[in-house]
Each structure stands twice: as C-alpha cells, then as structure tokens.
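Note that subunit A is present in both complexes that follow, paired respectively with subunit B and with subunit C.
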Partner chain A sequence: MNGENTFQKNYEALISRELLAAWVEGFKENFRLIGPAGGKGEAEFREVFSFNEINLDYQSTMLPPGKTFLLKPVEEILSFNITPGGPVAEEPPLPDRKRILFGVHACDTHAILYLDKVFLGVFPDPFYRARRENTFIFSLNCKTVSGLCFCHLVGTGPFLKAQSGYDVLLTDMGSEFLVELKSVRAKKIFSLEGRPPEGRDLEKKKELELELLKNFRKDFKADGLREVFLSRPDHPVLKETAEGRCLSCGNCVMVCPTCFCHDIYDEAGVSLARIKRMRRWDACQDYFFAKVHGGNFREERQARLRQFVFHKLDYEGQFGVKGTVGCGRCIRWCPTGIDLTEIAKEMMK
Partner chain B sequence: MKNPYVPFKAVIRGIGQEAGDVKTFLLEPESGFPPGAPGQFNMVGYPGVGEAPVSLSRVPMEDSDLFEHTIRAVGRVTDFLSTFREGDEIFLRGPFGRGWPLNEVKGKHLVLVSGGLGLAPIRPVVQIADKLKARRITLLHGARDPGSVIFKTEFRHWRKKGIDVELTVDEPGKGWRYHTGIVTEIIRRLKIAPAEAVAFICGPEIMMRFAANELFLKDVPGSSVYVSPERRMRCGMGLCGHCQHGVWFVCKDGPVFSYRELRGYPDALF
Partner chain C sequence: MPFFSGEKRKPRAGFFKFSCCTGCGFELAYFQRSLEDTLKSFDFTFFRLAYSSGALEGPFDLALVEGTVTEPHQAVELKRIRENSAVLYAVGSCAIAGGIPAIKAGGRELEIEKRVYQKKLYRLTSMRPSVLSDYVKVDGCVRGCPPGRRDLEEALVSILLHRRPEFIEYSVCVECKLRGNICLLVDEGLPCMGPVTNAGCGALCPACHRACYSCFGLMSRANIPALKNKFRELGLSGEEIERRFTLFDALRLKK
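Then we have the complex of A and B:
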C-alpha cells in the first residue's frame, strides 16, 4: 500500500541499485547532475546526463569536486565598462542553476565544509555562496581505500560522520544502497521510498567500515606535530625534499580539495571598452606568491614547501580544523612523489 | 547579497609631494564609503591595473570625510597612481583590517617607532593624539637620508602638540640637525617604564624586529609591542590567501598584531 493517505516519509531507506538509479534520474528535470564519471584510469567529476555514466566504485579523481564546482578554477568577479565618464562597475549575475553534486566521498565532503569556513565567514563570497546554496551534496561512503589515503588519521573518513553541511549520504551495502537524508532541505524536497533500515543493516554498515579500515596503509601521528613544526621549521627533511625533489610546479595545491588561494587580476578586452576582474586558483608554491616590493617572504623553495606541509598538517588555529582531509591527491599527483605524511613522520622522529 | 569586490570611487582633492617617489593623495570618497581607523588599509587601484593594499595616512575626522593615502611608486598599481592629478578619480575598497589598539594607550607611555614609509600608518595615531589620553607620546622616526623623510613639514606641529619627536637618518648629509644612525639606538637611550609602555612599530620587517628587541631588552612585554607587517594581498578579506602568516590572515586578523601573536611562525623575522 502506498496510497496518498498511507504515505509515510522516510529519511533513511535501503533501496536497490535500480531504484537508486530511477530516484536520481528523477532529479534531472530540476537539477544539473554532476558526478564521478569514467572508469578507465581516473574518474572525473563532470556533468552527467544519465545515471549510467556515474561510476559508483570510483576511488579518487584528480580534481576535487567541491573546489572545482563551488570555487571555479577561473571566474569573473566583476567587470568595468569604460565610458567617457570613466569606468563603471558591473556585477556579473550570481550563479543560480540548481545542481546535485553526486557521489562525493567523505574526505571531499569535509573539504567542502572547510571551504565553507573560508568563503562563508566574516566576509562571505557571493559567488561561492550562491553556488553552495544551489548545490545539493550527495555524499558517498567509500568502498575502497588507496595506498595514499589517510582520512582515517585525520577524522574525515572513510565513512562520513559529519551530521550536517551536506544533503544525502549513500552507502553501498552490496545488494542495496543505504540512503540517508541529512539536511532539512533534503528532507523537505526529496521523498524516499524503500525498506527502513533495521538494526542488522546498521550493524552491517559498521562492519563494512571496519573492514575498510583494515586496508589503510598510511600511518603517522597527526597529533603533536605542532610543537615539532614550530620548533624545527628548518628540519633537514624539508630542505632535502625541497632542494632535491620539489619542482614548485604547484600540482599539490591545484589538486588539493582545501587549497583555496586565488589570484585576482584584471583582463582588458582588445577594444579596451571593458575590463574584466578575474580570479583564478593560485599556488603558494609559485615563486611570486608571497612577493612584495622589497622582499619575498617565501623566496626559498624550502619555505614554499614548508608552507604547504604546515598549512595542511598544522595551523589548526586558523579554522579550528586541520587543512588536510587525507585524500592523498597531493601525493598521487606530485611528479616526484613527495609525500607530506613521510615528511611529517621524518620530522617526528 | 552585495558584491564585496565592487569598489567605491574617490576624487583626488590634493596631492602632496613627500619625497622623490612618495606622494600623499587627499581623497574625497563617494557617499557610503565607511570611515577608516588608524592602522587600517584600503585596497586602492584602478580598473585595468588592479589593486594594492595601502594604509591610511590620515583618517576622516568629525569635520571632514576626507582621508589620505601616502604612496610610493614601486609597482604596477602604484606606478600608475603616481601619474594621477588633482580631480582624477581612483577606486578603492575598504577600510580593511584591525588597526592600532588605541584603547590600550590611555594613561600609558605610547612609543611610536617608524622607518621610512612606515610613518604613514603611524601618522593617523599622531593626528588623533589628543583623544588618546596617553600620559606621554614619543615618536621615533628613521629614514635613509634627509631627502627621504616624509611629512617633513609636520614634525614642528606635532612637537607643539606635546609629542616628543626624534628623527634619525642613516646618511645625514649637510645641514642635518638631528640624529644619525638606526632608530634602535634612540630606543636604547629612551627612558621607559616597561609596565607603562605601549609601542606601535611600522617599517621594514628587519627594522620592526630590531626595534621590538630593543624594547624587550627594556622589559616591555611582547603583548604591549604592536607591529604592522606587510604582505601581498589581493582581496583584503581573508579569502585569496596571499597574506597568510602562520594561522593568520594579515589582511583581516591584522595588519596590526601584537608581537606575541606573530612570534614563532616561519617566513618572517619576528
């Protein structure tokens, strides 16, 4: 019986893969659907037009979903029309397209919560805020662990424990998916039909997580780094790694889901009738990043590498959480295989 | 929601030539531009060249909304601004940041130490000196040579206000009547009761470090010594990340910090 009068709204349900597909397909009418697609090699987050394109078993992506779709790599934040009376500022319209960011892993969900702290703080950024408000986050608990993952050491995974800041949580339970509606807006908008989870289902979810936790290979002590970092900022491992291996290419920063730094610069059209003020992801690994007239505060490569390592593993006083979510992307995409967890381990010795 | 990147316009109402490459622009902002406090800064610029952080060298007072920026032409934005004339419009956002802790000065001996252009953000403190109720105010200013001393014509007026002004230059040249040498040497000779002193220091980072150290030798605590470090800034709002120093965003948590807050982080001389 599922008539109008007996309809009962569930906030948690176990549904088959087919039903999940149908459920998600149903959102396409009102939402642009973005999810992990492609499976050969690395999946990537992009717009998908059918649920079949989504790779629910993906391990990681090069570009993180949150940063890529909430803080675009390049965007116009303002423009000026050059008139005879002088430049006149014109605000670009705020993004208003409703979107679903589907299949965001626990680490990447935490990264979005981190970006929220940056861009929705004392000075909220209107573009980030508009995208964030129009984007529903469907998180997905991990099924596999890579050799570079260390979310288990920094409290961000592999199963998502945060209770707010995202909309839906999915767990692949084998034959079924556990779907949990997490946000007030999700509970209001989405209806869920399926078998409500019982004690044994939640037991199974716990077992899946415990099983997953056995597969992590990274280990370092994330606590206690503070004293070591500040007392030994010139530790030889930093110098050796910087001078021997670091190329200052900035890959680590670009693929980092919490790296929020960006440059702001003006772009003039050929006609000079219009100036666009742009922002673009920037990297503290770049030589000019901290340069001012008369000095460069991180002129040495070692200083720039240290800034990345310390900002990710320490400096919790900045936003109350660590800068890393343990996704391992900076290790995976470093052309010379620099591993911040190895640096931390060496410094803790 | 208002786009915080939209700048205000301000008309240049006067230009003072301070030293060879340093000019002071007297600015009248369009209505709605919030008044700044001593130690705060604006992102100053022009469409097409971008923006640069510049501290206020005069703050708006009851009798006037006008304020000043003292700018040395040293980069793309400041080079461009140095070509501007009276009546021209510039664009700015702000005021940003945490200024000097003026409420800690009451009844204290306020020691102002500046080097070179670092006098610019100190000047608004002198401007409102009467309101601070400090027991005593000492200003120690150092410059490279007599020709590069900014606000030259104002020291006499400041002395009349009861402020002890001590000037020093590295290279004195002919006719220089004041001190020669670095500003730390004057601090060394200064009589200070450490528990009653509050210091505001602004200048090159190396100078701020040595000036602060000199005060520490006189037992002034790190929590009473304030500095205003310079960092690259693009937004002024703690978003672009360029000015990060340890856990701090110099733009929104500073630019004025107590020495104690800054100490211990790498990539600085503090």
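Then we have the complex of A and C:
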C-alpha cells in the first residue's frame, strides 16, 4: 500500500441510506452490479441496474450468491475439434468483467471463503480465479434471523467476523449504514466520505448483534459430532429419514453454498465439428453420482444422505473448517423438510 | 473403429414406430440445427417420417424405436428389428415406461375397449401394453416425451464415436436449480413430480410456472412412497396421487 492512499482516507464511515445509494450507483460505470433483488416471493441474486432494485432487507435466497456467480451452474471450460491431424483444443477466454457482488450475508461470505479453499487451493481453477479476482464482495450483516438459520452455532454469523477475503462490510444501523472497507484493493479503489464511527456506534453495532442472537431457534451441539459420526455411521435415524423422506432429488446440495462437486462431460453435436467440454454442479444425492467402474460405492439411499450430513457437519479434516455455514438452505428447500441439525441432535442422544 | 476416423461407410440407422403419437419421430425430423448433420452422418435406411421408401430389413448399426407394443404384429416386428440391429435404443416414454398408451393397463382390456369403441370389438387386435424391454434387450433409453435435444444427440454421437452413451440420470430438481427456478413444490405447495422424475427437459414446465407431470418418466430408484406422502400432506386425494404417478409410468408401477 502506498503512503498517499492511506493518508487522509476513511476506511470506516457512517453514511445515510441515500448516500449509500449514491455511492453504489457511482460504481455502475466500471462494475456490473449483482445484488439481492425482488422481495414478494423469494429474493434472488441477479444483475441490478439501479440501487433501488436491491432488497437490503432480504432474508435468504434459494441459490447462494458465491456459488452461482463465481462457479457458474454450467459453463464451458474447453472445446476441441477433431481434425484429420488429430484433436485441436481451444480454451474459452477467461471472464474479465469487473463485478460487485452486493449484499452477501455473513454465512454466504464464509461460503465463498470455503470455495476459495477448494478452487484456489492446490489446483487453482483458472475460471474461478478469474471471476474471483474480478468480483468485489460487499458483505451485509444480517438484520433478521430465520427459524432455519444456525450460523451462530458454527461461527459464521450473524455478523461477519472474518477480517479478509472480501472487500466491504455493511451494517444497517437503523438511520445510517456502517460501511467498512476491508481489503487492500477496496481501500485503494473506493473513497468513502462520512462520519467516522465513534465508540458509541461500535457499542450499538454490538448491541444489534446481541439482539439478533436472541432470535435464533436452532440449537444443537456442533462440537463432538465427529465421535458420534465415527462410532455410529449406521445410526437408525439415517435409515429412517432416507427411506421415509429422502427423495434423492438433490435439492439440498444444489442450493448449498459450499457444495462444490461438479461433473465434467463432453457435449458433441452430430457433426462432431466442435466438441464442448462442460462443467456443471453435480449432486451427490443422485444414485449415479458414486457409480464407478465395477460398482456404486453409495448404492443405498441412506449412504448418500449420510454423505451429505457428515460432509456438512464434520469433515473438518478436508479444509480445516466445517462444510456448513449454517444458512439453512438445505432445510428450507428440501421438499420433505429433512433437517440435518435434527439428524445430528438425534444421533447425539 | 469409430465412424469419424475416415471410414467410408456411414452408419445405417432405422427409426421405428409402434403405438404412440409419433412425437419422438417428429422430434428427430425437426432436429432443427442438427438435422442436416444427422442426415449427413447417418444413412437412414428406414425413417418413415423423412423418407416414403425404405428397407425394413436392415442390417442396422442403430435402431431407434418409439412407442409401446400393443399389437401382436408389433412384437414380431420388434424382435426382427432387434435381430438385425447392432444397437437398439428405446426412444421416449412410451417405449421405455409405457407412457400414455399404457394408461389402459390399469383396467381390463375388454372393459376399456367397450368404453372407447363401444361395438365391433372383435375387429380390434390390441392387447395389453408392453414396453420394449419386455420383448428384447434394449441398449439404452433416450427418455422424454419427446426426448430433449441433449439425449437425442448423445444417442447419435455414441454410435459415431463407438462409445457407451451417457444419458441424463438425475432428477428434474437438479435442472431446476441449474436454471434458477424457484421451487414450486416447496415455495408454493404445487404437487410437482420433479423430485422423482428423470431430467432431460431442462426443467421446462417449472420454468413456465407449471408443476412437473413426469412426462420423462420416473428416474431410476426414485423414492415413490416419500413423494406420495408429501402429496398427501399437501391435501391431494389418493386418486389424484395415483393419477399423477400412473400417467406415464402405469406399467412400471402396476407390476
């Protein structure tokens, strides 16, 4: 960071809603703005063309913002032609459009940090990386809590505590918004004018969070699950839930913000002129997901359900954190209301 | 030896039809952007919708068969097609699961014939509906009513490349999420068959705010009792539930 940028600049400020709107509108020239829009039914993250379209009070969305816009549902990663001299491959251009992902809640921000571990880890994915680098993440602390949220139990919310990996943090303080620039690049690019927060403002922020914490309904002990999972992988609650209610439809994992599994397959036209290699989100609840040469290692429905529950609530050995961020989407969008926290509670008994 | 590797002979293909609406045949004939390539890459020696003449005898590298077997002569014909074809794919819900022609499997033949035709029933040669796999070995199922572009293309490409086809085998829910459709079953309580239905349509109906009615047929290993329970919770009567599940899958579910 150079000296002239750090000099004089505010990295934290309280600004009115109108000023926030004007501030964000100003980015439209250089950024594609993506935010939670629509409010009658379920809000969804989509491209918005004015700040007024953004629903700052949204509770949740069906599809998570990070997975949808950083790891696209379906995308072409390669194409090749079969020529007389052999196959000739061509890579599609990397996405280079600058974007702002606005209004990402704490859980979904943590989900993006989780996806980073997957796609920017040992084998960085060029498409994910290009999108991630070109996307500025504006996180938004929650104002309400749904009956299905459990971020407070897994340390991902309701207020964002992570200090890096995103760019801006917004908190609705009632009459004003607290805006905090968090990343080096945000501090470089964005200028912020407004009243610097004082001690009482930070006090108020803390109070808001404490108030919010009272509204959580979900309660289970996230610690100690590993021993239970290891000792009783065939617990009857898994079989009962799988046979009685699980449709193997895959809704839970498709809406999950941290489920990163994807399938890679070729799409060839009949002319065989240009064969496209595609990547799309995959669902471990499908029977054929675990089918390999010689057999299927998750033949039974309960094995697939167990894979989901354990991967979300345990598997810390994989990336150092739990697979869940407590957003509650898998519960909300399961047609038969299967609740992984209830399964965990039952197993802990 | 794959057909693209300079081999002179094009694969010989035949498209056959039993009892059905011919929609799958139309789908292939209307194969918009790919029709020209399809006819260039394949030698369709029998395809009634495209050519008025054609040799029924074969041999065929690929036989695509649509429709349900509901008459004795169709069974004979199907067996002959099988014997003269290297690869045989069942195309469409009628051929795979019974589809619409198999709705009559729910009752007695004569009673249903009386209801539909009233008299001169001795002229009818129709018999109980059967899927292709009741008579012959089927190498693959191109699901749909009619099939989606992707699976149809996969069927043809698999022949050109001499490889095993990979047809879509997951629920409509997966396609709904890929498309970003808000779930009708969860959000609005509509009796959507999506969770147990094989994908391939691209979640067409839910995208138009209509509950899936399972025209692609049940996906393999669907949890049927669990969805029936859910429909009961939504307030559907036993008959309403039964109708939804037997509209395209009467044969598989009656067994």
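Rule of thumb we're sticking to: the second predicted complex is superposed on the first by the 341 of 349 C-alpha atoms of A that agree within 3 Å, B and C clash if a C-alpha of one lies under 4 Å from a C-alpha of the other, contacts with A are read in each partner's own complex, and residues count from 1 in each chain.
Just so we're on the same page, a contact is a pair of C-beta atoms (placed from the backbone, for glycine too) under 8 Å apart; a residue touches a chain by one contact, two chains touch by 3 or more.
Quick caveat, the model's predicted, so the values are computed rather than measured.
**Q** Give the label of whichever partner, subunit B or subunit C, reaches more residues of subunit A.
**A** More residues of subunit A are touched by B.
**Q** Applying the touch criterion given at the start, work out whether A:Pro335 contacts subunit B, subunit C, both or neither, answering first, second, both or neither.
**A** In the superposition, A:Pro335 touches subunit C alone.
**Q** A:Pro73 in the overlay: touching subunit B, subunit C, both, or neither? Say first, second, both or neither.
**A** Once the two structures are laid over each other on A, A:Pro73 reaches subunit C alone.
**Q** In the overlaid three-chain picture, which partner chain does A:Glu91 touch, first (subunit B) or second (subunit C), both, or neither?
**A** In the superposition, A:Glu91 contacts subunit B only.
**Q** Touching A:Ile82 in the superposition: subunit B (first), subunit C (second), both, neither?
**A** both
**Q** Taking the superposition on A as described, I'd like to know which of subunit B and subunit C A:Leu247 touches: first, second, both or neither.
**A** second
**Q** Pick one for A:Phe123: touches subunit B only (first), subunit C only (second), both, or neither.
**A** Only subunit B; A:Phe123 stays clear of subunit C.
**Q** Figure out whether A:Arg200 sits in contact with subunit B (first) or subunit C (second), or with both, or with neither.
**A** Neither: A:Arg200 stays clear of subunit B and subunit C.
**Q** Should A:Lys349 be classified as contacting the first partner (subunit B), the second (subunit C), both, or neither?
**A** So A:Lys349 meets neither subunit B nor subunit C here.
**Q** Could you say whether A:Cys284 touches subunit B, subunit C, both of them, or neither, answering first, second, both or neither?
**A** first
**Q** Identify the overlap between the subunit B-contacting and the subunit C-contacting residues of subunit A.
**A** Overlap of subunit B and subunit C footprints on subunit A: residues 82, 265, 268.
**Q** Residues of subunit C touching subunit A in their complex?
**A** It comes out as residues 4, 6, 33-34, 37-38, 40-41, 150, 153, 156-157, 160-161, 166, 169-171, 173-174, 177-180, 182-183, 185-187, 194-196, 219-223, 226-227, 229-230.
**Q** Which bits of subunit A are touching subunit B when the two form their complex?
**A** 77-78, 80, 82, 86-87, 89, 91, 94, 118-119, 121-126, 129-130, 230, 233, 260-266, 268, 275, 277, 279, 282, 284, 289-295, 297-298, 303, 306-307, 310-311, 315-318
**Q** Using the touch rule from the top, collect the residues of subunit B that touch subunit A in their complex.
**A** 1-7, 9, 46-51, 72, 74-75, 89, 91, 204-205, 230-232, 234-235, 237-242, 244-248, 252, 264-268
**Q** Of all residues in subunit A, which touch subunit C in the complex?
**A** Contact set of subunit A toward subunit C: 41-42, 44, 62-63, 68, 73-74, 82, 84, 243-251, 254-255, 265, 267-272, 280-281, 283, 286-288, 301, 332-336.
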